[in-house]
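Got a structure here, written out as structure tokens. Questions coming.
Chain IDs A, B and C follow the sequence of writing; residue 1 opens each chain.
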Amino acid sequence: MKDIISLFFAYARTGLKTRFQYKLDSVISTFAVFFREAAGIIAMYLALLKFDTINNWNIDELLFLFSLIFITYGIFIVFFMALRDFSDWIKHGDFDRVMLRPRGLLTQLVLCGADWLAAFGHGTLGIILFIISANRVGIQWNFGMAVYYIVVVISGVLIQGAVFLFFSAISFYVVETNSLKEIFYWNMRKFAVYPLSIYNKFIQSILIFVVPFAFVNYFPAQFFLRKADMAAYPEWMMYISPIVGIVLYILAYAFWRFSLRYYKSTGN
Amino acid sequence: MSTYLQFAVIKFRNKMAYRFDYLLGILNTLLSFVVYWSIYKALYGGASEVDGVTFSMVTTNFIISLGLSSAFYKNEMFLQDKIKQGTIANELLKPVNFKLRMLFEDVGEGAFNVAFNFLPTVVIAAFFANLSAPSSVLNVLLCLVSVVLGYIVLWQISFIVQSWSFWLFNVWGLITIKNVFVNILAGAYIPMWFMPDWLRNVIRFTPFASIYFTPVQLYLGELQGWDILINFARQLLWIVILYVIGEFCWRRGIKKLVVQGG
Amino acid sequence: METIIDVNNLCKTFKIHKRGTGFKGAVKNIFHPTYEYKKAVNNVSFSIKEGEMVGFIGPNGAGKSTTVKMLSGILYPDSGDITVAGYVPHKQRKEYVADIGVVFGQKSQISWDLSPLDSYEVIKHIYKIPDKKYKENLERFTELLDMGKFINQPVRQLSLGQRMRADIAAALLHSPKIVFFDEPTIGIDVVGKDKIRKFIKMLNQTDNITMIFTTHDMQDIEKTCERLIIIDDGKKLYDGSLENVKKGYVSSRIIEAEFESLPITLDLPRTEISDVENNAMKKLISFNTDEVSVNELMTALMNTHNIKDVSIREPEIDAIIRDIYEGKIVMN
């Protein structure tokens, strides 16, 4: 474990060093990520000045909901960026090098690929949203609540990690997976930012059963907020995010291991 | 002129080559629309109108801004890539106006996106979303003219930011920030009607109002008589102002390139 | 000497997606993809002894890279056995790769924006190289590869040759027993190539490292290896001493000449004239010095034609392979 941590820091050091070769650019890029992600929130804030609530969620409650998406993505990008961009790794022949090193393949991919600036942009946004909203949404914070919050954040990271682990496994068969990611992750994420209950049944089912973003923010947030629209779903869904995360990750991992032997090394 | 049209045609044809991508592209555009459509459906909560704005007007606003942004959807790192790779010098030696060429290539790509991405999306969206019919044929024509002008405004803003790559290592961040401003202030994320009054008053004095909102208003017949002309005049004025700024940045950039040698 | 690499009946087939043409083809493809199969490596066997240095040559797409990728554990073979240093590479990848080093000429393993030294630090962590060994190796390679001047500079500022040297050092820091070089001199100037070849040769001799060297530059092989394996179209064509091949290869020559007028007629034994792309006045004349001396050929040319320009080309692998097919080179 100690060895893994020291490897993580060795990668992190070089990663940051690379980015800080271009200091001004790094600052602007980080801010741009922050601002881009905040855009939807700003638009929502402006709209709620006129409409007050959306499906009975007020702006503070929405910010709490948003915060889970951004915090989990901020952490996700520290550990899963190489998997997010895995088809590029294959295309450029970088995965060959990973295979030539005496460490676990996923260990290397998870430890080495952090985009620290984007992580900082998303993470900061998430934390700011959390700080603004956490005391204004009427949660009686106690130790148990705090622990569950941390648990759902980790689950959220695992769920998104698992989704990309699936995509990476598919890259072993067909290298070009960008369109898949666009549809099944990025578009779904656009939906997931807002309360699940505003969508029609079809989109809801996708967000619950296919790309289970609902367990990244909506159901966990309901655990803390207990909004009326939760009545449409079984109550236990508020509690199963960790199970969804772990099960999904194990399935994705098994599929990834199985698919590895089909790696064609088409790089260069 | 025919040379430049050729650039547009080639770009259009190149896009044709990736046939499988369009199906996915349509799905992408449709889903982006559905997000905002769902949000406003929930915000309206069944109400027929809010502040005199009907839900179908809101839907129309999103469709038109979606159409324009899909026409504009392009690789905004183009100029930076040319500068970084050092091929810009060769490009400038060719006997074509580089800026016009860029514009026409983008128009070609945009035409493709409108024909194969936006229009199919509208057809599908029409099945479930209640779109407003245009108030008259004349309004459709006025809207189309204004869409073209709005496109040029959008293009020039992008060109100005892109031209900063002569000085900056990477303009990705600035382009992203610019796009946030355009999406919010021009009304792609929130229709202009629902913005707080103070913000709307500020936007009136920026080029952003000339991008999506003028075409939307013309389509819906919200503008009459002099207002139509004033809005066209405003679009034209911004085109001129942005052209001057763009040309200034471009010339300074080229000069820097020549002095320092790429 | 003990056998360290043992390969038996190795096969690897790739499935290639055949794209249809035109709109109809594209649509058909979505519902009914068609594939074709390419035997990249077809029943190849060989064994290599510890400390040997073997050149692996063949034209592009012959299967040498695929073979090296299977040897290094990157690719699963379809059938056949590989044992290297007691491991089955694709099954015991993690343990096995700690003992090997791989240099890809086309794909650097050191970061573009960092100095070689920064990348070495990470490599040290990945391979868990003990401090003392790391320091020793680093000092030694810095000196031998003459990297002192640039080891602290960002890689993007280095020349191709310097970068390659830095890359070779990166692959050796953990003291591997076997090193694979995949086209390590590609694109590098003559002086740079020479430095690299000398270093590789020296290391093979002093450290007794087993080396496999793929290239399509015959000079690389000539300067470094004693044994040669030639691969063409997925099959092993030749496996034997370099000496044996050299005889045939040294005597075949190509002259590139630009003439002032056409046509060209030459009445000499076993001399062939072929066209050069993009220039009708330029011709390639291939001949064999066993039959016609350079002197004879030049005299014949000068007497009958006006020549604008002339140069002698390196014989290419294709010529050697042709000689093997024609039975002029026999395995010994």
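We adopt the following convention: contacts are C-beta pairs under 8 Å (C-beta built on N, C-alpha and C of every residue); 3 or more make two chains touch, one makes a residue touch a chain.
Only a predicted model underlies this, so the values are computations on that prediction, with no experimental measurement involved.
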Count the C-beta contact pairs for A-C and for A-B, then tell me which is higher.
A-B
Find the most central chain, measuring centrality by the gap between its CA centroid and the centroid of all protein CA atoms shown.
A
So the chain most remote from chain C by C-alpha centre is B
Separation of chain B from chain C, taking each centre as the mean of its C-alpha atoms, in whole Å
51
Cα centroid separation, chain A vs chain C, in Å, comes to 43
State, to the nearest whole Å, the distance from the C-alpha centre of chain A to the C-alpha centre of chain B.
30
Where in chain B do residues touch two or more of the other chains?
20
Partner chain C, residues of chain A touching it in the complex
3, 6-7, 10-11, 13-14, 17-18, 21, 92-94, 96-97, 99-104, 108, 261, 263-265, 267-268
Footprint of chain A on chain B - complex, ascending:
20-21, 24, 27-28, 31-32, 34-35, 38-39, 41-43, 45, 50-51, 168-170, 172-174, 176-177, 179-180, 183-184, 189-190, 194-196, 199
Within the complex, chain B is touched by chain A residues 22, 24-25, 28-33, 35-36, 38-40, 42-44, 46-47, 49-51, 54-55, 179, 182-183, 187, 190-191, 194-195, 197-200, 203
What residues of chain C sit close enough to touch chain A in their complex?
14, 69, 72-76, 90, 93-95, 97-98, 100, 102, 104, 106-107, 109, 111, 113-114, 118-119, 121-122, 125-128, 154
